[in-house]
Each structure stands twice: as structure tokens, then as C-alpha cells.
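Let me give you the structure first, and then I'll get to my questions.
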Amino acid sequence: MNSIDLAIALFLLGNLVVALVAAARGPTAADRMLMALLFGSTGTGILVLLAQAMGMPTLVDVALLLALLAAIGGVAFAKRAWQGDGHD
Amino acid sequence: MTGLILLPLAWASLAFVLGPGRGKWLAIGGLSAQAWLAFDLAAKVGAGGTALLHPVGGWGAPLGIDLAADGLSAVMLLLVQCIALPLAIHAGAYFKRGDAAGAYFWPLAGFLIAGLNALFLSADLFNLYVTLELVGLAAVGLVAAGGGAQQVAAALRYLFATLVGSGLYLLGVALIHGAYGTVSIAILTPLVTSDAPRLVWIAGGLMLAGLMVKTALFPFHTWLPSAHGNAPAPVSALLSALVVKASFYLILRLWLGPLAPLTSAIAWLPALLGALAILWGSWQAIRAERLKRLIAYSTVAQLGYLFLIFPLLPGTDALEAGIMQAFAHGLAKAAMFVAAGVIIEATGRESVMDLSGAAGHLPLTLFAFGLAGMTLMGLPPSAGFLAKWLLIEAALDRGHWGLVAVVLAGGLLAAVYVFRVLRQAFLLAPADAVVKSVPRRLEWVAFLLAAASVLLGLRGVDLVRLLGAGA
Amino acid sequence: MTANEWLPLAVLASSLLPGLIIFVLPEGWIGLRTTLNLVGAIAKLVLVGVLLAGVAAGTEYGVRLAVLPGLDLAFKADALGLLFITLSAVLWLFTTLYAIGYLEGAPHRSRFFGFFSLCVTATMGIAMAANLFTFFVFYELLTLSTFPLVVHRGTDKAMKGGTIYLAYTLAGGTALLTGIVWLHHLLGHTEFAHTGIAAALGPEQAIQLKTIFLLLIAGVGVKAALVPLHGWLPQAMVAPAPVSALLHAVAVVKAGAFGIVRIVYEIYGVEFAQALDLLTPLAILAAITIVWGSFRALFQDDLKKRLAYSTVSQVSYIALGVALFGPIGTIGGLVHLVHQGIMKITLFFCAGNYAETLGIHKVSEMDGAGRRMPLTTIAFTIAALGMIGVPATAGAVSKAWLSAGAAAAGMGWAVWVLWTSSLLNAAYFLPILWRVWFRPRLLAWPDEHIPARPWHETAWLLLLPPLITATFTLAFGLFADSPASPLAWAKLIAEREYRAQRSDAPASPPHE
Amino acid sequence: MSLAFDVLLALSLIWSGVRCLSVERLDRAIVLFIAFGLLMALAWARLAAPDIGLAEAAIGAGLTGALLLDAWGALKRRRP
Amino acid sequence: MMQLLERVLSFAGLWWLLAEGHRDGWLLGGVAVVAATWSSVKLWPPRAYRVRLTALPGFLAFFVVNSVRGGLQVAAMALRGRRALTPGLIDLALILPDGAPQILLTYTLGLMPGTVGVELADGRLRVHALDVRLPVAAEARALELRIAALFGVGA
Amino acid sequence: MTSGLLFASTGALLFALGLAGVILIAHLLRRILAFNVMGSGAFLILVGLAQDNDIPDPVPQAMVLTGIVVAVAATALALALTRRLHALTGEVELPRDEA
Amino acid sequence: MIDAIGTLLPIVGALFYAAGTLGLLRFPDVYSRLHALAKADNLGLGCVLLGLALQAEDLAVSLKLLLIWPLALAASSAVSYAIARRAAHLGVKPWRRDSP
Amino acid sequence: MRRLLVGSGAAVFAVLLIGALLEPLPGGIDLRIAVASHMAASGVEHPVTAVLLNFRGYDTLLEIAVLLLAVIVILAGGLDPAVDRPRAANPILQSLARLATPPMIVVAVYLLWAGAFRPGGAFQAGAVLAAAAVLLHLTGLLPSWQRPALSLRWGMTAGFLIFLAVATGLLAQGALLRYPPAQAGLLILLVEAGLTVSLGLILAGLFLFLSRDPGDEE
């Protein structure tokens, strides 16, 4: 197990959590949408690091899938869910 | 044995491919074959006296999944096919062409029946979870199909109840798997002992609780009256007669099987709840305004009887009493819902107070209703009576007079709500009553089911003998 | 299956099958329905005749069918059962004839006759039951099949009566069921047997056995209308006249009384019952019922209600006879089972005729009816006199044997009870007779359906049955000693019931 | 190190679970639920169950999220 | 035809990458490539714009360098907080033709230093710039030229 | 504590949380979320508990995959019914049951 | 040398991620936060991927890792455009220095 | 009150459960060994796939039925009339969908293929296909499904029917789903391929049948 990679993954996870909190607390609905970006970048990063750290190359596939699909949440949000409802 | 699972899966999916409203003959044909298979299986199990085993994939437990058919499974399978076939014939006449509620009735019913059969045959806790979900979701779908707001609300209520139930069950399975590394009932049974780790106790409690939610045992019954009371008649019949029995069967399996060493401490809990269910359900049925709701509450009450047997297990007559009650109630309740469907279809009215004169217009249906009522009241010579008899004897055997009192009181309360309907029906019709004609087939199905529930009382000995096989 | 086995089943089927077919007949097929009814009734009579001959010769008829392991649906045709069967079969024929006439043109006749046949089937089952379980099965079936008949008119009043009827009988059934299961639990079976089966348990279970006895008697006592369980009977008077006849004479109350006989003689055994001190309380209960029923009858203006209270009283004669320890009382009770049926059915037929022809429902409306409807009134008079116990009627025979039985059993007070009852009987019947024959008609008939013509006071189908049963009333009184009389048969039964215990069954009539 | 990662992951799972059921506004709840799904995928990775991770990622990111957001939008739009 | 071949090859390359060089999966790989090509033709019919492979490496290099620059710039601004920002919206008139070139421009601008696309319509692109004092328009124009070269269109 | 047990404990918390949510929350969409949280909890326990020593066990993994599929089916179904209810009544909560 | 870079790059990437998060926390409006995430995080991801690709023994594996980057870039680029556009349409005004 | 009760109940339950989880457990049956020793006969090299499609393939069969059922229930519940609102397409998102779909298909097939020896499989592949459909639909490139046409019904059911047919056909081997080791790999691939397509359609259907309203953008 590669502990440097794991440490980085841990760091990224912390990062992700802080960013999630920030995005969830954010004032506008658009801030929530930023999460979709977070998943695509940070989630993928953590997964590839885990793949390396745990010696499980198959996790790269998961990362790939996540990178490919993370956009859907954002698109769905933009297209369907986000209306000007006076709260923004 | 596998035919009972594969056939309905096949005809259900083919019916879906055929399209909305189609598949009636496929279903009836398939069900006929299934009925034959069920009788054949019962004969084999009865003759062999032992459980039949089918290791799926040829692996055998614990690696693979086993199917097992003993007397209990055979009886339940018989119940399913014997009720589903007439109900299919009934539904064929009930749903008109282009009826939104009936558009996907056949595939849904097919998956429901497949799920039930699979459930009764499975000997693997996780596989049972999948079958439970299959049954639960199909049942929800049948309630929701093509319905209005009331039906959809009822379906949602039902959906969440069934999901919570299976969620609890799943967690129990997860814990059992964690503790023993296997989910095969046969392998687990000798492993679980009364000094099992606390995890296993929690698991047992969770599984039983989840299944009780699914069986609508008081006080988890709140979803049942709206679901069963709002669905189309053939659906209500399927649900009340069969679906709730499935989770009861599973409770019984667990109780008699792997969880047996753990259950003595809580044996009175289900009985207590069952007693409350009888009283509360009957009381609500007596008060209910709509006919179908009355019948649905009656189901709540009748399910209570099933749980009275737990303090008596394992003992003489107790299991027999429970299964006899399940069988009797299944037939009778199916008949009753079908009859109620005919009445509502013919008179266009739903409330009990509007039934006046129904006896004159629909004598056969009312007769069926009365016969079914006989079974529910536990009057001889119906199968319900035999169940009551067995239950009282089993209770006397253990000296539990309280249970006897509950059973007897339940019978009287049932009489109150059954005759509430009948006496209303015998009243003279108001002058302005308009009665549509309904297909005779609908009436005959109700009658046949009701008659079967009564006549079974004369051949209870066969059922008991089959039940004893391979147990 | 041998003839000995299927004959009892055939007796059941002879009314069950026509009943089931009648249910599905369209309303308008009157001819076929009537034919079926009559064919069934006559076939049953023939079968019963065969059985009578066989049983008299000592043949045993019986069949059983396993329902659960250790639980059989069992039938036997023994002397006691046949007494009841014969009564019911004969009266069924007359009642059917009467009902055909009575209901002419009324709605829902298929339903009516269907349940009517079921009701008789249930009665046959009760009579032929070979164990308490079977007895119970048909006992409850009787409840269910009579309910639609009671509420047949579909009015609110009918429904109220029907509901009360149900409440009583279902509660009674529950008590009976409890007793039966308990007994079954203790004994492992509930077969009827001469001299009883309960004695096998021994004295340590005496308390349980007494409780069970209480439950069983309460169960059958509801139908037998023992005070205080009689409340339903007057309420059920809302039913059409043939149904009243059925309830009072052919089926329901008789089934209750018959149940008492079976339970005392063939479950507990009369000696064991005596040993448990069960007979005296039963006798007292019967006595109270006799007096109370007669007393209440005095104050009823509604004719059918008066008759109903009369039934309450009269049926308990049977219970009293059973409770009198000794064969003479037994014979008195059993023979009254038949006599009361014959007499009471006559009275109800007549009451129905008055109502149907002239619209008379109340005693106070009956002034002068005798001259308008002489034949009916003659039949009514004979039956009423029989009820009072006037010599040369069937009633006199019953009362004589009962009194003698009471004396023989050392229960002298029971004789006084019988006398009191007879006086009260007279007190409520004689005014009626006086009114119909000797009071002039003051007002118009309340509702005259059938116009008066010479020798055609009412429809023949309504007239014939009461005339025939009235004739029987006289015949059974006059020819009580004939070997074909009910009395002779009652003696045969008593002989068999007591054979095991004592051989002094009386061959001669008792001293009066 | 791996314990720290696991603990942090577990805590954030619980946090997102709690928040997604308790926040006032529905859009936040749904987005937090999607985040919960992502964290679950990471947990599956940590549990050496990449198959489940794949499924969770595909379903959570691709389908359930879109379904929920679409449903939420529909409910909001139709509100009278 | 060439375009089709290019697509087939690129999907085959993708398969090869995914399969990590395993050779026993080419049967399914073939299916995948055919299906992918079919869907790509359905979704994006071959049109006039063609990527010139010769211009690709230069573009990629330009892109990578600039996206690193962009990342560094944003990181630096993040460290300084909102003091560092002078944000604003800027309307750019595009010289690139409609369709793929404009779209590629919008994509890449989002990763270039200081800009993110806000609205692409009628040959105009509105961008949001982190610091309006920087030469945003000039950089965008440079990118446009690169893209024009990539597609071989006049700019 | 192995990561298996850690995640199993997390699963226990999530399950309890989701269960309480399903029972308490009236808003249907949120209830669906709660149900999913509950299911995830059960899945975590199933795999986590079987996975001490960090050696993967394929059987519970396969079970969880099956479970996830079922949960997706249930979620979609619940959403469909919720939308249907909303379209028919304008409500996003279950109406009170008739007496 | 390559090993060293391979180990170093992910750390650099992590720093970019941190910067992105910092931006997310400190930037005043949704547009500028968008910049932070879209650029910094993606650069971070690129560094991590490149670092790991250099560490990997198998060429195919490292290429696969590198494949992720363009996918993530395309996705985040498109999504950030969508967010910005949607925000603009819904009238979210960009923050200005002079308007607090 | 209710909240407090349920909440504290859940908390107590969680504490109890965690306490029980942390207790040492007696060693149970370890199926890892059994799985490993039968891998050779399973027809695939990835243990999870072996369990899913061979050892416990029956679970999977029923699971697919559940998924198919979900679509049927949604159809049975009645579809709302689709809202037809004109709206401008967003070219950037559309281009994303256009760009991403073909690679998604390749990835899906890759996952299907990989399932035989590494994580992946029909469900994941189907989910990716469905995700592609969802993306296309969200960006307006794929209209929502108005009614289940015959071909669509066939498509959604085909995978299940193939699975069912294979399961039934293998009864000839003595038991349901008893793959002969030699042909197991091919049969499993056949089943998985069918399932991928059908699952993709079904999962896409869950979205495309439900999503009747294109949103109110523009």
C-alpha cells in the first residue's frame, strides 16, 4: 500500500468534504450545482489515488465512469431542477 | 418444481411484450399448467414424505441457492395456484378492453405469482429477500395500476410499508450472513443456538419485525385497508388472499427453522399483537363505511389468528391451525372481494348502507359472500371452522384459555360485520335502485371460491397430512 | 359403500340436492321447483320408511368421513335419531305444501325454498349426527340456513328479528363449540353412545365436566328456548308462517331439545349425569321455563307471539322429561318431541291461514272467525286442546307420561309444574276458542284476501296441511298404544337407552 | 493512514446522510443525496468492492440523481 | 469516408486503452466500435469541419500550457481572496464560424486563464472574467486563431 | 477496528437514520431519500461485516449488487407514484387515510 | 527522475485542489467560484493523473489514466458553461468590487 | 413527541446494533474458499461475476424480473401527457452529449466484456447505456418515450427472456441454471449481452417514461 498516495487521497477527501459543505451552504442554487464539478474532479482524483494506494487498478475504471457520468447531475440540475423560485 | 417459477415468469414477460390488455389466455393457460404442477408436487411430497430439494445451478448450499419443497411449501403453492387460476378467469371478465387499470394486469399478476411461488420454494434467506421484493413491488403496481389519487396514495403507503419491511428483513439477513457466513436456511438451522451472539438476536428480531410489517400485523396494519380497499376487485383478492400470507409463511419458516432457539422468549408478543389485531380489525370492520374497506379490515382481523399460534409452537395442531386458517382465509377472502366487486359493479355503489336489495338482484353473489363469511366466522363445516377448532384444541392443550377466548370472541365479531353486510343486502331495495347486469362468470368465480373455502372443511385431513410431509 | 352406509347420506341428499338446484332456478320456473320440492320430500319419506323398518329390526346404519386426524364427520341412524327424522320428514312435506300455497306469487321463492331445503337437511344432519362434532356442524348450518328465512320479507322489522335471532344462536353456538372442543380435548372423541361417554373420565374432572355441561346446555338451550335464552323466539315471529312452523315444530327448537336429549343420554349418560347432580338443575330450569313461557303467553295479543311463548313453555316439557331420571320420564319427554311438533305446527298453519285469508294477526281481531273459516278453526281447536292436555289428544298422552315420570323419579314438584302449566295453557287458549266460535264478528276483517265461498274458506294448499296434522293430533292421542304410534317408538328408544343399566323399561302405560 | 481515511469517509457519509434528511430545502437535500452516493462509491472502493463502486457510481451519478432532480423540478413547476 | 475511418480508429483506440491491450476482447471491441461509430454518425453527421491532424499537437500544447496558466492564476487569486478579483462580464465578437469551432472555443475558454463562457449566441460569446483588467479579449482572439488553424478555416 | 467493521458501524447508523426518516418524514421525495439511505446502510453492513481482514468476499458483494438493483427499481417506482400523486392532487405528502 | 516526478506531481495536484477549495470558500459569487473549481480542480486532477501515469508500470494502464483527463475536462467545461449561463439567465448579478 | 420517540428509538437501536457488531463473532462458513475452488468451473474469472451469474445466478434472474417489473408498474400507473414546450437547445450541452455518447457506448461494452475477469458486468454496462440515453434526453437530443412500442417492449424484455430461456434450457443438465463448465463462459456472455441491452433500455425507460416535462428553460 502506497501511503503517500493514500495521504493525498485523504487530503483530497478532506478537501472534498470542505468543498461539499461550502457548496451545500452556498447562497444560490448554482452553488449546489458546483457539486457536480466537484464529483467529476475530486471524486475521480480520490478514486485513482485509491487505485494506486490499494493496488486495485480496477478502481481506475470506477474513476473513468465517474468522470464520464458526473456531468449528468449538473446537466439535470441545469435543465430540469433549477428554476428561479425566488430563493436565489 | 422449477416450472412453478419459470412458467409465470415466462407468461408474465410475454404478456408484457404482447402489450397492454393482452395476455389473458397466456395467463390462464399458464396458471392451469401451474395448478397441475402444484398438485403434482403436492402428490410427490405427500407420497415421499420428505422434502424435495433442487440445487439451482447444481452447486447446492451454501455456495448456491437451494429450492426446497416440503409439506408446508406444497400447501402454500397449492393455495396460490388454486386461488390465482379462478381469479385470472375472473379478471379476464372484470377488466374491459381499454380499461386503464387492467392494461398491465397480466404481467403484474404474473410476476406477483412468480414471486410468490419462488418465495414458497426458496430455502435461502437472501433469495427470499429478492422474492419478497418481487412480490411487494408487483403488489404495489397492481394497486396503483391506472388508478386515481386514492389508489396512488394507497399504493405509496403500501410501497413504503413494504420497503421498510423488506429493508428490516434485509438488514437481518446481512447480520446473519455476517455472523455465520451463509444464508442457507438448512445450514443455518443447526448453527443457531440459544447462546448465539447478540447480533443474531438482533437479526432475528429485525427479520421478524420486517415481515410483520409486510404481513400487516397490528399495529403495522395501517397500510393494508387503504391498499386492499382501493384496488380493483381481482387485485384486492390477490393481495388479501395471497400476498400477506407470503410474509406470514416466511415468519413461520424462520420461527420453526433457524430462529427456533431464540423465539421462546418472545413467543407471546406475536400472539398478543394478533389478539389485538383481531379485536381492532373487527371493530374497524364493524364501523367501516365502504364495503371493500370492511373486507380489508376483516383481513387485518383474520391475519391476527395466524399469529395466535406462535406461543403454541411447536405443539400439536398449532401449525396445522395456522396453515388451515391461511388457506381458508385465502379462499374466503378472495371470494369476498370478488363478490364485493360484482356488487359494486352492478349497483355502482360502494357503501355498505347502499347494499339494500342486492340479495334480490345478485343472489348467487350474496350466497357466495355468505359462504365466505361462514369461513371467516369459523362456522362449520368451513375450513375456517377447522382452523378454529385446531387452534382451540392446541390452546387447550397448553392450557392457554386466553387464546380460546380471543378466538371465540373473534368469531362473534366476524359474525357482526359479515351479517352487517348480509342483513343490509336482504333489506328491500329502494325504488330508485338501478342494477347493471354483470357477466355471470364473475358471480360464479366468487361462488366457486367461497364454496371451496367451505368444502375444504370436509377434507381438512388431506391438507393436514400433506402439511406433515417432510416437515 | 354398503347400503347401510349410504342410506343416511341419501336422507341428507334428498333435501340437499333439490335445495341446491332450486337455488339456481330462475324465479319463474314454478312447476319444476314445486316438483323438485315434492319429489325430495317424498323421496325422503320413503328413505325414512326404509330406515324405520331397518332400525326397528335392529339394523345399524352409519357412515363416517375423516375431516381432521382424530375428527370424523359421522352419521348414524338410530332409534332416537329416527324419531326426530321421521317427525321432520313428515312435517317437511306438509310445510312444503303449505309454503307453496302460502307464498304463491311472492318474490324470491327460489331463495326461500332453497334455504328451506337446506334447513331440513341441517335438521336431518342433527338427527343423524353420531358425535357432538357432527351435531355441531349441522347445528350451526341450521342457524345459517334459517336466517335468510327469518328475514325473508326484507323489512326493517324482519331484519331486527333476524338480527336478534342470530345474536342468540351464534352466541349459543360459541358456547356449544367451547364445550365440544373442551370435551374433545379431554376425551379425545365425542361419539354418542348409549349410557354416555363422559363417565370414562372419572370424578376428578367433575368440575370440568360440570362446566362443560353448562356450556353444552347453554348452547343447545338457546335453540330450545330455555329461559333465559328464549328471547329470540318471540322476535322471530316476523317470519312468514311456514317459517314459523319450521322454527317451532320441525327444525330449530326441536334441534335444541333433541340436543339436550343427546347430551344427557349419550354424552353424559343419564346415570352419570345424575351422579354429577346435573339433572335436578336441568329439571328446575325446564320447570321455570314451562311456567314462565305459559305465563308470558297469557298477555300476548299478537296471535303468533302467544303461540311463540307457548312454544317456549312446551318445548321445555321435553327437557323436563329428559331431566326426570328414569325411563318413564324419558318416554314422556321423547314422545312430546313428536306431539308438540304436530300440535304446534297445526296452530301455526292455522295462524297463517287467518293472517293470509283475513289479515288477522291479533287475538282481539279473531271474534267470529270460526264461522268464516270453520275447517281451519276446527284444526286450531283440536291442536289447542291438545296443548292444554285434554284427554284423547296427543298432548294428554305426553302429560300423562311426564307426570308419571316425575312421580317415579321422586320429583313430585314437577307434577305440580305440569298442572300449573296446563292451567295456564287453558287460560290462554280457551279465550281464543271462545272468541272464534262464540263471539260475533264485530268489525270487518282487517284485510280479506280470499273471498268467502262455501267449502272454500281459503286455498286448499293452506287448508289441507293443518287438517292433516290436526288429525294426527287426535290419532296419536287415541291410538297411543298402537305399535305404530310415536309412543311405541319412544318406548323402544327408552328401552335401548336404559338397557345397559336396567331392564325394567315399562311396557305398560303408567298410572295417571 | 488508511484508518484516518476511513474515519473521515465514514464521518462524511454520516454527515451527508443526516444533512440530506434534515435540510430545509429540497434541492439541497437532493444534491446532498447525490454527494452521499459519491461518498458511498468511495466507501465501496475502500471496502475492496469495485463492482459495487461501479454500480453505485453509474446509478448514483447517472440515473438516480437525474431522476430525483427531474422529479423535483416537475413537482415544483406544477405547483399551482 | 476518411472521417468515418478516423472515428473508427479513434474508437478502436479508446477500446484498446480501456482493454489495456488485452487482445481477446476484440470481438466485443468490434461491436463496441461499430456501435459507437454508428451513434457518432447519428449524433454528429460528418460535416465540413475537419480537424487537421497536423495542427493538433500544436493546439494541444497551447491548450495544456494555458490551462496550467489558468490553474496557477486561479490558485494565486484564491490565496489572496476577493481582494484579487475585479470580475466582470465581457462580450466578445467572434470571428470563428458557427458550429464546432465556436463550441470548441467555448469549451476551451472555460479552461483558459481568467475566463468562463456564459452565453454563446449569434456569433457572440459573453464571458465572465475574473479580472477585467487583464487582456482577456486578446487572449481569446489568440485562441480563436489557433482553433481556426485546427479546423483549417479562415479566421 | 478494521475498515470493514468501521463501515459496518457507519451502516448501522445510516440504517437507523434512514429508518427514522422513512417513518417521520411526510414529504414523499425526502422519504424516498431516507429509504435509500436506509438501504445503503444495510448494504454497508452486509459487505463490511463479511469483510474483516480486508480480504474481499464476492458473495456479499454480489448480494449487494442485487440489492442495489432492487433499490433502484423501488426508487424509480416510488418517484413515479409520487409524481403521479402530485399530478392528480397537487400534493407531495400522503393524504390522511379515510377513517 | 521519473519516479520522483511521479511522486511529486500528485502532491502538486493536491495543492491545486486545495486552492480550488479555497477559492470556493473565499470567492464572492457563483461565477468566480466556478472559475476556481473548473480550473484549479481540473489542473489538480491532471497533475494527479499524470503523476500516477508515470508511476504505473504498464503503458496501457497509464494511458487509461491519462484518458480520464480529457473526459473530466470536457464534462466540467460544459457544466460550468451551463451553470454560468443558467445563473445569468436567472439574473444572478456578478459580484463587483464596488458593490459590496 | 413522535419525533422524539422515533428518534431516540432509532438512536438506541443504532447503539445496540453497533455494540453487537463490535462483539467478536464465532467463525462462520467462509465461502471465499468455496468460490475460489469452483472458479474454474464457473466459466468466468471474476469471482463476483461468477457469483452473480453462476453460483447465485437465480438471484440475478429474479432481480432482473424486479427491474422489468418496475418499468411495467410505471407504465401501468399511467403516463402523464407529455408537455410539449418549444425551447432552444443549448449547443454546448448538446455537443457534450454528442461527444460523450459514443465513448459511453464503448465504455459500456468494455464493462460488459470486462465483467468476465474483472469488475464490471451487465448491470454496470446497462447503467452506462442508460446514462447516455438520459444525457441525450436532457439535452433535447432524444425525445421522451410516449408509449412503449412493440420493439421497445421486446427490447426491454429480451434480456430477461434470454436469461430465462438459458435457465430453462439448462434444466436438461439436471438443474436450473446448471451451466456445463465448458460452455459456461459463452452462455454467461450471451446472457450478459442480452441483459446489457435490456437493462440499458429498462433503466433509460425509468427516466424517459417518467420525464414528460422538458423543463422551463427559455
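Chains here go by letter, A, B, C, D, E, F, G and H, matching the order in which they are written, and residues are numbered from 1 within each.
The rule is short, and it goes like this: a contact is a pair of C-beta atoms (placed from the backbone, for glycine too) under 8 Å apart; a residue touches a chain by one contact, two chains touch by 3 or more.
These figures come from a predicted structure and were not determined experimentally.
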Contact-graph distance - origin subunit E, target subunit H: 1
Pair joined by more contacting C-beta pairs (G-H or B-F): B-F
Whole-Å gap between the CA centroids of subunit C and subunit H: 73
Centroid spacing, where centroids are CA-atom means, of subunit D and subunit E in whole angstrom: 30
Chain centre separation (subunit B, subunit E; CA means) in Å: 62
Rounded Å distance, subunit A centre to subunit F centre (Cα mean): 21
Per-residue multi-chain contacts in subunit G, two or more chains: 20, 34, 38, 42, 44, 61, 64, 67, 71, 74-76, 78, 80-82, 85-86
Set of subunit E residues in contact with two or more other chains: 14, 18-19, 106-107, 117, 120
Set of subunit D residues in contact with two or more other chains: 2, 30, 46, 48, 50-51, 53-55, 58-59, 61-63, 66-67, 70-74, 77
Of subunit F, residues touching subunit D in the complex: 1, 3-4, 6-7, 9-10, 13-14, 17-18, 21, 25, 27, 29-30, 32-34, 36-37, 40, 43-44, 47-48, 51, 54-56, 61-62, 64-65, 68-69, 72, 75-76, 79, 82-83, 86-87, 90, 92
Touch list for subunit F against partner subunit H, complex: 1, 5, 8-9, 12-13, 15-17, 19-20, 23-24, 45, 49, 55, 57-59, 61-63, 65-66, 69-70, 72-74, 76-77, 79-81, 83-84, 87
Residues on subunit B engaged by subunit H in the complex (per definition of touch): 2, 6, 9-10, 13-14, 16-17, 19-20, 54-59, 62-65, 67, 100, 103-105, 107-108, 111, 114-115, 118, 126-127, 130-131, 133-134, 137-138, 140-142, 144-147, 152, 155, 175, 178-182, 187, 191, 197-199, 201-202
Partner subunit H, residues of subunit E touching it in the complex: 7, 11, 14-15, 18-19, 25, 28-29, 31-33, 35-37, 39-40, 43-44, 100, 103, 106-107, 117, 120
Subunit B-touching residues of subunit C, taken from the complex the two chains share: 23-24, 65-69, 71, 73, 107-108, 110-111, 136-138, 140-141, 143-144, 147-148, 151-152, 154-156, 159, 162-163, 166, 170-171, 173-174, 177-178, 181-182, 184-185
